[in-house]
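Single-structure report; data block below.
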Amino acid sequence: MSLTEIDRIHALLPHWVESSRQQCSYGKVASYIPELSKSPIGALGIHIIDASGHSVSAGDTEISFTMQSISKVFTLILALMDIGEEAVFDKVGMEPTGDNFNSMLKLELVQPGIPFNPLINAGAIAISSLIAGASSTEKSCRVLDFLRLLSNNDSLSYDLDVYRSESDTANLNRSMAYFLKDNGVLEGAVEDVLDVYFRHCSISVTCADLAQMALVLAHNGKNPLTGEQLIPRRYVQIAKTFMITCGMYNASGEFAIQVGLPAKSGVSGGILTLVPGRYGIGLVGPSLNRKGNSIAGVALLESLSREFDWSLF
Amino acid sequence: MSLTEIDRIHALLPHWVESSRQQCSYGKVASYIPELSKSPIGALGIHIIDASGHSVSAGDTEISFTMQSISKVFTLILALMDIGEEAVFDKVGMEPTGDNFNSMLKLELVQPGIPFNPLINAGAIAISSLIAGASSTEKSCRVLDFLRLLSNNDSLSYDLDVYRSESDTANLNRSMAYFLKDNGVLEGAVEDVLDVYFRHCSISVTCADLAQMALVLAHNGKNPLTGEQLIPRRYVQIAKTFMITCGMYNASGEFAIQVGLPAKSGVSGGILTLVPGRYGIGLVGPSLNRKGNSIAGVALLESLSREFDWSLF
Amino acid sequence: MSLTEIDRIHALLPHWVESSRQQCSYGKVASYIPELSKSPIGALGIHIIDASGHSVSAGDTEISFTMQSISKVFTLILALMDIGEEAVFDKVGMEPTGDNFNSMLKLELVQPGIPFNPLINAGAIAISSLIAGASSTEKSCRVLDFLRLLSNNDSLSYDLDVYRSESDTANLNRSMAYFLKDNGVLEGAVEDVLDVYFRHCSISVTCADLAQMALVLAHNGKNPLTGEQLIPRRYVQIAKTFMITCGMYNASGEFAIQVGLPAKSGVSGGILTLVPGRYGIGLVGPSLNRKGNSIAGVALLESLSREFDWSLF
Amino acid sequence: MSLTEIDRIHALLPHWVESSRQQCSYGKVASYIPELSKSPIGALGIHIIDASGHSVSAGDTEISFTMQSISKVFTLILALMDIGEEAVFDKVGMEPTGDNFNSMLKLELVQPGIPFNPLINAGAIAISSLIAGASSTEKSCRVLDFLRLLSNNDSLSYDLDVYRSESDTANLNRSMAYFLKDNGVLEGAVEDVLDVYFRHCSISVTCADLAQMALVLAHNGKNPLTGEQLIPRRYVQIAKTFMITCGMYNASGEFAIQVGLPAKSGVSGGILTLVPGRYGIGLVGPSLNRKGNSIAGVALLESLSREFDWSLF
């Protein structure tokens, strides 16, 4: 039955990718990080993998792209594994915001001055400061090693051009980080925390890498191919819940209604999503809609979820 | 297996109710509607019903209370059945807000000036104006009839003392309604729309009534006892998604992480929740936490969800 | 010397009016009150009167127009005369806001929930509820009588078309008033308070009427032509200070720098201003700039103030 | 007559200082800059100087303190002298805000993203970047030289302990500066701009120094003792207008009503104010009220202004 479904996906996917790709012309490639503006606006690729290792892919899956905000899911998980739920939620909240991912409005108005959740920029910067490690370099290495493990890809590394481009121009993130520092949310020197953050955002992946990481989440922290439990199940549950309520910026509510799957997007156009108990999915489509999500990617996931009745709800 | 579980619930529930009831002293009964301040602060009751009609209840289930915000789930569904998705989402958004349920802040700042979602007060007032009916009386009758049908209780009616108390003191809701009118969101006269809203908030129910309504949602719109499809499945899906992302005011994110079930609370202390494919659940506990949810009720649901692994995530 | 100046004004004014009038095409007539949208967009008129009763006028001074927000200066003064400083500033603050005159944002965020100042809409509505009188009719009569006295014009009356137009469409002011009511700022029934407010906004005047009222303020509350003290000096001082800090909506700071005179504008295009110890000035120019002030009127006052070195600073 | 008044001031001042000093116990010394928390909470001193060089002083005038926000008046003037009105108001607005001096809320919400006025922190940081100079050191030197000239005190210099304390802990100002940089408001490197800002805030003065600077403003930019025009009159006019509308943080409106003089306060407890055409006044009282102004200093100025009828209005 699951086999049948992946066969049907295999048959239909190329057609759906081409159909969704037409949305690309209605969106825009991210430009706030100069290096990202070079991404191919018309590209769309997707990779789906199931528990037995069968995979289907279609479109431009050869593209490498940076994880950007998708990495926030995994730094959250690593921080939970390092210091536990209580210590993490002392520094970040659990609520969606309705604001843009980089809004400072809510930081100022809401008591007790901690970021609303770990998937907005302010929250992810706070999480960066919580990851164990004697130095920012050690923290960064631990994040990279964790993602290499999950993706089963030892050659995962940084896109240094994007890293430098982001680090040089990230005045808004710097502003947010100093605001958090002033509110007592950040441990350590602000620039050190930001370096951890910029580094994990600039890890370069393919759709297959994202799909492999997602597969582990889809199977409650266990790599179904090896049987190894890589993440405690509770932390995967927490991560998946945030992916539903806050994973797609301030279009998360709409995505939950139209697609209904845990997902996390990045401004590089990447989306990591999963069908619980079944598939890990990675896609990329650099042309973004107004809310910062891959415009063709969202359209493609809507089609897939409707056709195969994947919504959790 | 499901039978086994309900037997275990039956055995454990009285103990858990008494244990959770101790939270009551840390909360407060709602006072902004004067009539509500008379509710019994130490009360806690729960009713759980499964697809074959078996039910378990414990605590103060004889209490009647008003639906308040719980009714918003069903006016949303009725509006969807009346005019369809597109017309409804022309007037209300799909995003959680992170603000208090009665905040006006977001109404003013966010384009295009429509309420963030149908479960905050502003959104529910907008929904009230969308329900079919030649007059506010006819609209109100249609809502009441719909809830009688879902609860399988023809004697469901208004608590007129609460209705009058709310109508007399609801200056903030009036303020919001005129703001919506100014933004072109409301159809018809403001006071007529508000009357529909105040009436559906003041429908009096028991835990058993809520559990019966929830059972229909748990079975995708079908009453499992009669086999009758009372609500199109897609509209139940929309409602359940909103219950996850926005159902527990600005504690929805935390509830999703700690309980993981679609739910909607009201300031009367009622909570309607469900285990998809299995149980409808109604509970009441008038002592509220800081975010406006039943303090003992949330504690009880956390215990149940953890014990029986009910989280969707 | 003052005589010499008024002779120079007499000689130069017609030219300056024609020169400033060219600005009209860059502005817009107010449309949010439907009746106001009928105002002549190209009109500009000004009337200046000195302590000995000499006057100079130029342009379209025959036009009648409604006082709108200009009346707020005088309801503030009347409330101060009725109940004193302490009672008035218990219900409204003393600070400029930087926000639009009809913004609700600040009402919600600032403690203790009173309007920032008496010249924004929320503040003026609060002031309307403070004016002495057994009924809204009596309050309205007292305001009208006070303005007849100050303008030395017994035939001053309402423009009933504008009154009805404003009363029918003022959903934002209604929203604000109910918000104030909810915060405990308003005494009495909301619709009664709003009626007083709508009525004083719709009092119909000419430039000469405004100039006569302004002359009393310019002479610290005394009518220089009769020697009669119509307003205690301290209350004129308070009013003039607010006119400097908040009189021109959220362009008050710029007006203080470019013109430097106490002034109050209305969306009808009227401006009342004064040169302390010397002139009362009334002008009208219905074409408004982005901030809601007469575009040609502000240009004309800038020319006059610069030429005659009228700035207080 | 003016002589008589200064004799009366001379006779009354010691009594009033002692009477106002009692307010000190109701306030608090600034603590956000650690070094400032060492200021003597019970101190109050005032120095008044007239055009002929006569001066009166009372209380703790021997105290040295840092200028803090008082310096913003003079960096504004220097920037105006360096690049003119148009270039300055391209980067900062002219409107009061109603918010705390260090609020970020308004920066985010208001178009076109420039600070509301040059006297809030964000505006003063923007002004720091506009001062002419090839390096931050040269800019800082020019500011110090300008203040030495105005105060006629060549030994004016930095309090390096306060400078370092502020520079080390100013995370909120850093946050604001990076936000401004992101909005294209700041020229040059953020840390360089902040260094200019922290330096001018930490210039150490006495009441007599402030009074001497204020005297120049009171005489429209001319030092009345030497007859030298140190600042163009128009720029003094701009500065005095801002001192009325925004000089006392978000208590500026109240100060304008209760005192009615152009003034600027700092968190060190200093206040610079002036009676136009007559006196320059410097005072210090480190115990601050809720809005950040010297609590005893404001009380003292209210007494003086009321007694001698100094209000401009």
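Note that the chains are named A, B, C and D in the order they appear, and that numbering of residues resets to 1 at the start of each chain.
Definition applied: a contact is a pair of C-beta atoms (placed from the backbone, for glycine too) under 8 Å apart; a residue touches a chain by one contact, two chains touch by 3 or more.
These numbers were taken from a predicted model, which means no experiment stands behind them.
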*Moving only from a chain to one it touches, give the least number of moves from chain A to chain C.*
2
*Greatest Cα-centroid separation from chain B: which chain?*
D
*Would you kindly tell me how far, in whole Å, the mean C-alpha position of chain D lies from that of chain B?*
55
*Please report how many Å separate the Cα centroid of chain A from that of chain D, as a whole number.*
48
*Computed distance of Cα centres, chain B from chain A, in Å*: 32
*Going through chain A residue by residue, note those that touch at least 2 other chains and give them in order.*
105, 109
_Pairwise chain contacts, counting only pairs that touch as defined_ = A-B, A-D, B-C, C-D
*asked:* Using the touch definition from the top, list the residues of chain D that touch chain A in their complex.
replied: 103-105, 107-109, 171-172, 174-179, 181-182, 190
*asked:* Under the definition above, what is the set of chain A residues touching chain B in their complex?
replied: 93-99, 105-106, 109-110, 116-117, 237-238, 240-242, 244-246, 250-254, 256-257, 260, 262, 276, 311-313
